[in-house]
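As structure tokens, here come the structures.
Two complexes follow with subunit A in common, the first pairing it with subunit B and the second with subunit C.
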Partner chain A sequence: MSWTHLWCVGALLLATAVAQTTPKDEHFHEELVVRPLSGDHVNTYFQFTTRWHYGQKENLYHTQLTPRVIAELLQQFDVKELHIGLTQGLWRYETWGYPIVEATSGAEMWAWFKATNLTDQQVDKQWAQLANVFSGVLCASLNFVDNTNSIAPKHLLRPQFMPANRENFVRYASLPREIVCTENLTPWKKLLPCGSASGFASLLNSGYVHNTKYHSLGLKVRTLCQDHDEDNCILEMTQTANLVYDLRLLEQSGNDFSLRRLFGMGLNGYCELASSSKIYVQRNELGARYQLVPPPPAEETTTRGGYTVVYGVYDMQEQFQDQGERLFNIAWLAPKGELRRNRQKPAPPPIYAHRYLLGQGQERGRIVTEVTNSHYAPLPILVQELIPWYVHAYLHTLNIRRRPLGRNEYGSETLPFKLLHYAPGKQRELPTHLEIGFLLPGQSSALITIDVDYLVLKWLEYPPDANHGHYINAALVASALPMGTNYSALPLEGHLFAHSFNATRPSYVLGLHTEALIVSLPTPDFSMPYNVICLACTVVALAFGPIHSVATKLIVVVRQTSAPRNFLKKLKEKLFSRGSPVLPTAGEADVPEGAGCLPPEEQDANENDNDEEEEKEREKEDGEDKECAH
Partner chain B sequence: METTSVSTVKPKRKDKSEDKYRIGATIAFIVVIIGIGVPMWWKTTTVYRVTLPSNAILGLSEQPIKTAVQVAIYTQGSSRAQLLIGELQSAFNESEIWNVEFKHLPPPSRSNEAHTPAALEKLLLQEHPQSVGDFMFIEWPKLQEEVLLTTERSALIRSDTTANKLAQVLHSKILQTYRINQILSTDDRLGAKSEAPQPAYDVIVSVLNPKPRLTHAQWNISMAVKTYVEPWLAQVSDISNYTVRTQWKYRVAIEANLKQVRDESKLGRHYALQEADLPHLLTSISQNLSASTTDKPAINLVVYIPPCKTAPLHIYNSKQQLLTRNGVDAFISPPWGGVIIANPPESVCLAYANDEQPLPYHVSTTDNMQVMLDQLHKLLDISSELQMEGVKTVDIEQLAPRRWEYEAYLRRSAIRHIATASRTLQSLINLLDQISYIVINDDVAAAITSSYADILAAKVALLEHRLGDASALAKRAFVASERGFFDASLLAQLYFPDEQKYAIYIPLFLPVLVPVLSSFNMLRKVLQNLRKEKQH
Partner chain C sequence: MDAKFFKLLLLGGAVRFYFVRTPLASLISDRVEFATPLNSQKRMKEGIYLLDQGIDPYSGDLVHESPLVLKALSGLFLNFPQWLPLIYILLDLLTGALLYNLSVRFVKQKLQKQRLERKNYAKDTEQLQYNDDDNYDIPELVLIAYLFNPLTVLSCIGLTSTVLSNLFLALFLYFLTKGLLLPCIVLLAFETVRSLYPIVLMAPLLLVFARRSLIGGVMLSLLFAIACVIIAAASYLVLHSWSFLDGTLGFIFYFRDLQPNIGLFWYFFTEMFEHFRTMFLITFQLNATVLYLVPLSLKLRKEPLLLATVLVALMAVFRAYPSLGDVGFYLALLPLWKRCWKYMAHGFVVFTFFMVTLSMMGALWHLWIYAGSANANFYFGATLAFSTGQIFLITDLLFAHVKREFCLYNGQKIMIDGEEARILLK
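On to the complex of A and B.
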């Protein structure tokens, strides 16, 4: 087969072809942040960012660094922004401060949709499909996301895509029951351009990652398009892995740690496709007491909202310039002989939240969310509740009580709502969606309570391991902080961790998650339906036999005068009386007419001749013989 | 016991009047249990199943798929044409698959004006227009070969070409009888291995560059695909729709056993990839091609750029012979896709061998795209590879495939769709007969009946010489039959098979039915007694 004419076309093409190993309009960055936390904990935060200026939608057919599945996602659905979090463990705000990326325990997902002429029904459909796609891509149970556990947040979630000015739709769901493990990490790593072959992702070995106290995988996709011009767009995909190690669990003496200790191996280099590969190590606060080996080649001081952090910066592309085949390691050496109680305690974060379940029994309960403001000034607070359909919440019982810090009991002082959005739930169809906004005075706590009833589920609605209990999703708490204490989240317009340096803003939007709750609904014995059917059938059958007999049969008693007295004679008679050697049991079943049954008159006559005992004996012997149907 | 013994003391007349009630009660029990209870239980526990044209579907294979084709023959002398037609007709008379209609074309009015075969063909076509699937033999005495197949629906023949040769060409090239036989064969050993074409495919072109730091390969793959693959696929998308996507993949680990072989090149060596290792290579490649959000089947076209450490890489067979032809190392594995090994140029790897800075270079678009198009031809099963003595085929001059080849593909796909759809429906009906708990809901039943109707219509269209219609109908029948067969609702009762139904209800029915059935015996006796009394 020859394609001679194609040669000239190809030659022309070659002249115009502009493509490179690392494309100009697509960039990949990898970052690692190590922050010592209080209580012998270390937070390591990985961020992998791919930013693709793809321009027109047509170009999404041809991917380079961005995974193909993400490009297909934008073609198939009207998704503009997508967040997925897979988390195991609980972030302790009071001692650890705020994380760089927020996540709730279990699986969490939200997405923004936007297109011309998009309707709510279409969004619901796309949302379910989207969840199914990512269920497959990340091997998570996101396929359980549907309309019965999704809400459309009104105030709390703000879009991060562009342009977000016109009509857009949002859906949010979380699955607190989801357990995050290796099967999620492996496909998550496959989305990276270098995979786990090289670069920072090579540190994420499941054996070490899942030994941590808290680990959270995140995936965030957003599009940034020019206003009124859908043909000039940027696709931004951020993959994050946020881990908290408990140093006491690492086999070692003292408080020294190193990359090799944390991840099982040193760093084997950087991802060749990355535009930047940097490690940031916090040097002040709890990081100040450590001596770093090797010392960081550069240091960066960032002041954000009056809060200063010093980071030591290791540029991996510089470290590995001489192309030596070695592993890179950073060791944190703690001063010897230091006492734990002398250590610096971090300042508590301005806002933190907790959640409890009150009430007793399996019928009534009360969900309590406690938000504490340790700042001196009042702060605006937004709380979003997603209560599953099997829990009925009563809006009239909702109230917010306040107590100043330092007092133990909540008084009767209530706080007024500034904002209230309530979408009642519907059995088996919709969850209850509640959003509350209020102003929390400084140095005080707010107690938000709402009474709930638990429904009794149908037996097919129980999940596997039903005795584990049922979850009530974590509440989302949001606020706008006036200062940057403990705050390290990325600014809205930034896409790298480095963009949070010196990013002073009038206020800092903070999001928190409370704990998820677990309730035990009455759990039936799941073999019960079968047992009930069998038992009911047996009872009916047992009752039916006598009723049928009484209604359709006449029982008459036959007495025989020549009944043998002892057992052997009786047996002999039984065997030979029928003329043929029939077994006694078989002989009883079939009675020839008239053999043992006599007309009533004769029976009547026979009655007086025999004594009672004998009659009973005879009854036991061959009861069938004496029942005659007339 | 006490009450019955008392009742027996009562006179006979009283007993007789009670007999009436007992008989009434017995009949009432029988009516309630057998007349109402059992049918109601049967009705409520029965599996929902819409009635299907089962017998008609099972009888589908009795009626063979027969295709009508019109073959026109033009010769300069009409007696030769008659002779050829007569011989060809006798050759095709026996055929169970083909209903070939041979037509003799009279010389066109201005035949002496035609000085080239193309001009003659044009004149003939003006007078006798062809429809889809037709074919034409034109005699052209000055021909070198016995038969020359053009890119349209025609072939030129020499004056001395025998009818036998024409029949051979028709069978093996134009109609491809042996492949149709493969499709229709019910014998698994002879049956076609490839599947029926699906309505939509993703064609995914992946460029694998395992060592991006050392191999600075540059290639505007999107442009290459837009220039070569997409226009070609657009020409053949009557049966399936193709969406072309490209992706780059880096740091892909290839697990294959490579052996270094000394040679005379500047590098002094190349690497050998054993033919037997290709499946392993394919496995490690397909693991790394990322997931898809659609459920369309994918055709993977992989361009693998070996790093200089193991380049150039060539495929060897088990006899240690180099399999590289014209500098191309490529293989396909239908229906998964194909792999091209695009070795970097020698200069690039020389630089690597001398520890110099990696040289950026462009991957050749024309070389790789030609191979890729050829692979696509083979994967989609459009081209006819068969070589015959004395028969030559005109080379393709544009992107579109040869007309007769493509129409043979249409015909083959239509027959394959009909055959597959019939088999699917038949196995579904057989399954329904064997497994009683399969649910057939209204949607599935609609899909099955519409598929059945389309199969019949497609068969008629094939016989009536309407290839375009037949192809569309057959595709629709195929899609509907697949939808019916794979519908999830079929298995709604999977976990409650009949055995369980009986097992659960036996504790009820056994004790209830035994007395009820035995009371029949009693009724019989009572009737006998009544008859006796009447006789007395």
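On to the complex of A and C.
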């Protein structure tokens, strides 16, 4: 009896100890944002944030909410900030505005490293190892990230951790060919404290997630340390899932939709480990016409950089206070009698970018990146290009031409670079890294073009299905917007979506991705290696044989044979006279005389001895011999 | 130097000037047959631009031109790009003029030598001997063959740096016939540091200047090595980095760029099994340099210029990045051996080979790269046949030379038992 009692007390003590540490040092938040977009699209954005004030590095051994692999990462590597994005589809800036988190199609990854006495080589090594770790963690092909496709961005990427100074190293890579699917979603959900069992993550069912027009999984880890105090640090891990549904593809009759329609099921509660679980539903702009059932218990109005958004807020922890209710659903009901299609097009965002490829054939082309500024004032633009090594770019062909909006053709007006960083690529070793900065005047587009050559690769370097083509990575475009139109990214110092509310700043750092390109390189015939080796060697032998004869053989005179002219007879002669030389008499006739009659050249060539004295003697003899010649 | 010489030069210049203003020029400067990774104008421009921007051009993989050339031409490229075609045309005409002068001197030397040896010649061999008419005919033929060969004309209007290589080679040969040692060595060292293969031309140089003395040979080789080091050091001073060595010589030796060209390397190393690559690389580079060097030097030691011609020709066939401009250069030297032509049996075959393969190359390239209806094998076949044609030409020239030498001393008609005999190599 007493033993049981004691055990119970022990367990209770332990429980209180855990309870004391958990809420104090470590927090987990879940957020879901639903924003109706134009063209019958709905954007749902999940954000799961774990923030752990771990203090000293030694504490990283004892993880609770933070996945162990992330904590180990900070012990193993000198990485301070890490971003990974796995995306399928293309974000349409012109109709959808800016996303809350940016991503490019395929896999994308960048990391900041910082430590005392860290060298570039060490960072290269750590970077490759880091990519391999996450290749396993997320079941993605990040193991293909190495120094042949990574760059160290100079200007475009900015660190989001403190203190940021010159001793930082950054590496960036993207794999546009990567296909994102269920096998990435499942391990990604496993990193969450509640897994996919409860909470918002239970909505992310692969059957529905991968039916979307755009889906992007993100993972961001950063450590925030007090200035010059490595023992007072916060580890912040943000997992995001950004989805765009096309309502027309959902099986339904009207314009209405609901959580159940989007995700296949209602919300079954909240993650018990979460400090907050909130759903934000945009109520103004395109969301204004919907009637919400149930109506949001609270509304929040945010004005950021002159741009006002109204969100309806559902707090799941309040919603599920009564034990009775088990599944929660929100329905968006459009007014009856409205047109089926939502054709309302929003004003384009201040800056958007596209890219395409010019030229035909598999020899050369021109990469074109078009950046448009629809704002009235000039804006600074930074463009970062990572051109893979199998494409040669010519820097001297780089130029930026400008066209005012409303005109169709680009004139000859060029824009000067304010900034240029270029690291030429090297086959099989380095990609071409280009960063350019310029000022884009208001109400105009800039056309950035660079000429490229497509290389022929070794036959084993082509991927399976060589004629599918090779990808050229998306360009990154960055700018600083003076206003918050369409802008919903998290502020640098915030970690929750709610922190972007009313976060007015002097300027808003914007990052965009263009489309990735696909080029078809010339392909060899993969079935030919033996033939090619044989044929090329034959041609070499064709030269070697005769030159060898000329250099080593003796010139002789043989009797003109009375050989038959007819081909068949010749053949017959050859066949039946095998063994016995055809011209025995000729040989007799010329060898004794002929040898003496050779011009001095021949004599010398056959003479092995190059001794000068002998040579002179020889020549003397030659002279005598010649007199006797014919 | 008569009026005809200047007329021909003018006409050659006019032809080039006409074509350089047509769209053909930009087409040719992009053709793989003329513009290789080593000599293309686009890469030269890139190199000069990078140098101007303060970026090491050899840190990338595009530029393989010598830093000295880049530096020398940078002012021209950056400030007067419109004058560039004119300069290239003038340089090409200069090459033609050098070849003309070289042949004049060569024929004179031949005649002089013949006069000394005439008593040894067989009787009916006037046809095989150089005569006084050759004083005019041969240089003129050489000049025409250089100025009006479509290969050199196109190579010039495509503004490939083969124009420069040809100029340096012509200068080298000119000084070789003139017997000026120092310019020869400097030019050869420069070309060697620039594109590796001309090192084989040390053989004719030694034959001319060392005069069979071992010490002389060693001294000259040493001098050549010193010249190479000095030129490399000068390049270093321009660039402040040794990266150019790997960017030029290393790039050629390791054959890093598999861009198709008219040579044998590209498809061979595209389709090569990786673990054999090093072996075949060394084999092919030996084949292009030292393999034929010793036997031919021994065989042709009385004829340094013929040796140089044959080596230049073999270089154009077997080098890693050959272009048609190189082929045009050695074709222009063939008229020097006009008196061997009688014994060149494959003239028609070679001509047909050249015509067919050169016209096929354009068509098959289009089918492969643009139309997508052929594959790499087709183009490879054409380049292979072209190389074969060139090899026929070279071996034919060698055989013809050997036969001429024999017949010069033994008479054109050799009778055995009252019947005409045949000449064979045994």
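What we mean here is this: the second predicted complex is superposed on the first by the 498 of 630 C-alpha atoms of A that agree within 3 Å, B and C clash if a C-alpha of one lies under 4 Å from a C-alpha of the other, contacts with A are read in each partner's own complex, and residues count from 1 in each chain.
Methods note: contacts are C-beta pairs under 8 Å (C-beta built on N, C-alpha and C of every residue); 3 or more make two chains touch, one makes a residue touch a chain.
These figures come from a predicted structure and were not determined experimentally.
Enquirer: Once the shared chain is lined up, is A:Q64 touching subunit B (first), subunit C (second), both, or neither of them?
Expert: Only subunit B; A:Q64 stays clear of subunit C.
Enquirer: In the superposed arrangement, which partner chain does A:I533 touch: subunit B (first), subunit C (second), both, or neither?
Expert: After superposition on chain A, A:I533 lies in contact with both partners, subunit B and subunit C.
Enquirer: With the two structures laid over each other on chain A, which partner does A:I518 touch: subunit B (first), subunit C (second), both, or neither?
Expert: A:I518 contacts neither subunit B nor subunit C.
Enquirer: Classify the contacts of A:R559 with the two partner chains as first (subunit B alone), second (subunit C alone), both, or neither.
Expert: In the superposition, A:R559 contacts subunit C only.
Enquirer: In the overlay, answer first, second, both or neither for which of subunit B and subunit C A:L249 touches.
Expert: Neither partner.
Enquirer: Kindly classify A:A298 by the partners it touches after superposition: subunit B alone (first), subunit C alone (second), both, or neither?
Expert: Neither partner.
Enquirer: For A:A377 in the superposed arrangement: first (subunit B), second (subunit C), both or neither?
Expert: neither
Enquirer: For A:G136, is the partner it touches subunit B (first), subunit C (second), both, or none of the two (neither)?
Expert: So A:G136 only meets subunit B here.
Enquirer: Report for A:S549: first if it touches subunit B alone, second if subunit C alone, otherwise both or neither.
Expert: Touch partners of A:S549: subunit B and subunit C.
Enquirer: Shared contact residues on subunit A, subunit B side and subunit C side combined as an intersection?
Expert: Dual-contact residues (subunit A): 533, 540, 542, 544, 548-549, 551-557, 601, 629-630.
Enquirer: Spell out the part of subunit C that touches subunit A in their complex, as residue ranges.
Expert: 30, 42, 45-46, 48-50, 53, 55, 57, 59-62, 120, 122, 212, 256-260, 264, 266-274, 280, 284, 287, 291-292, 295-296, 298-299, 302, 314, 317-318, 368-370, 372, 375-377, 380, 384, 387-388, 391-392, 394-395, 398-399, 402-403, 405-406, 408-411, 414, 416-417, 419-426
Enquirer: Which subunit B residues qualify as touching subunit A in the complex?
Expert: So the residues of subunit B in touch with subunit A come to 1, 4-5, 7-9, 12, 15, 18-19, 22, 25-26, 29, 204, 209, 211-213, 215-225, 227-228, 243-248, 250-253, 288, 290-294, 360, 362, 364-366, 369-370, 373-374, 377, 383, 395-398, 504-505, 507-508, 510-512, 515-516, 519, 522, 525.
Enquirer: For subunit A, which residues count as touching subunit B in their complex?
Expert: 1-3, 5-7, 9-11, 13-14, 16-22, 59, 61-65, 67-69, 72-73, 76, 133, 136-137, 187, 190-191, 193-195, 197-198, 271-273, 530, 533-534, 537-538, 540-542, 544-545, 548-549, 551-557, 593, 600-601, 603-604, 607, 629-630
Enquirer: Taking the complex as given, what residues does subunit A use to touch subunit C?
Expert: Interface residues on the subunit A side: 360-364, 389, 392, 394-396, 420, 422-427, 430, 432, 453, 455-460, 522-525, 528-529, 532-533, 535-536, 539-540, 542-544, 546-560, 586, 589-590, 597-599, 601-602, 605, 612, 623, 626, 629-630.
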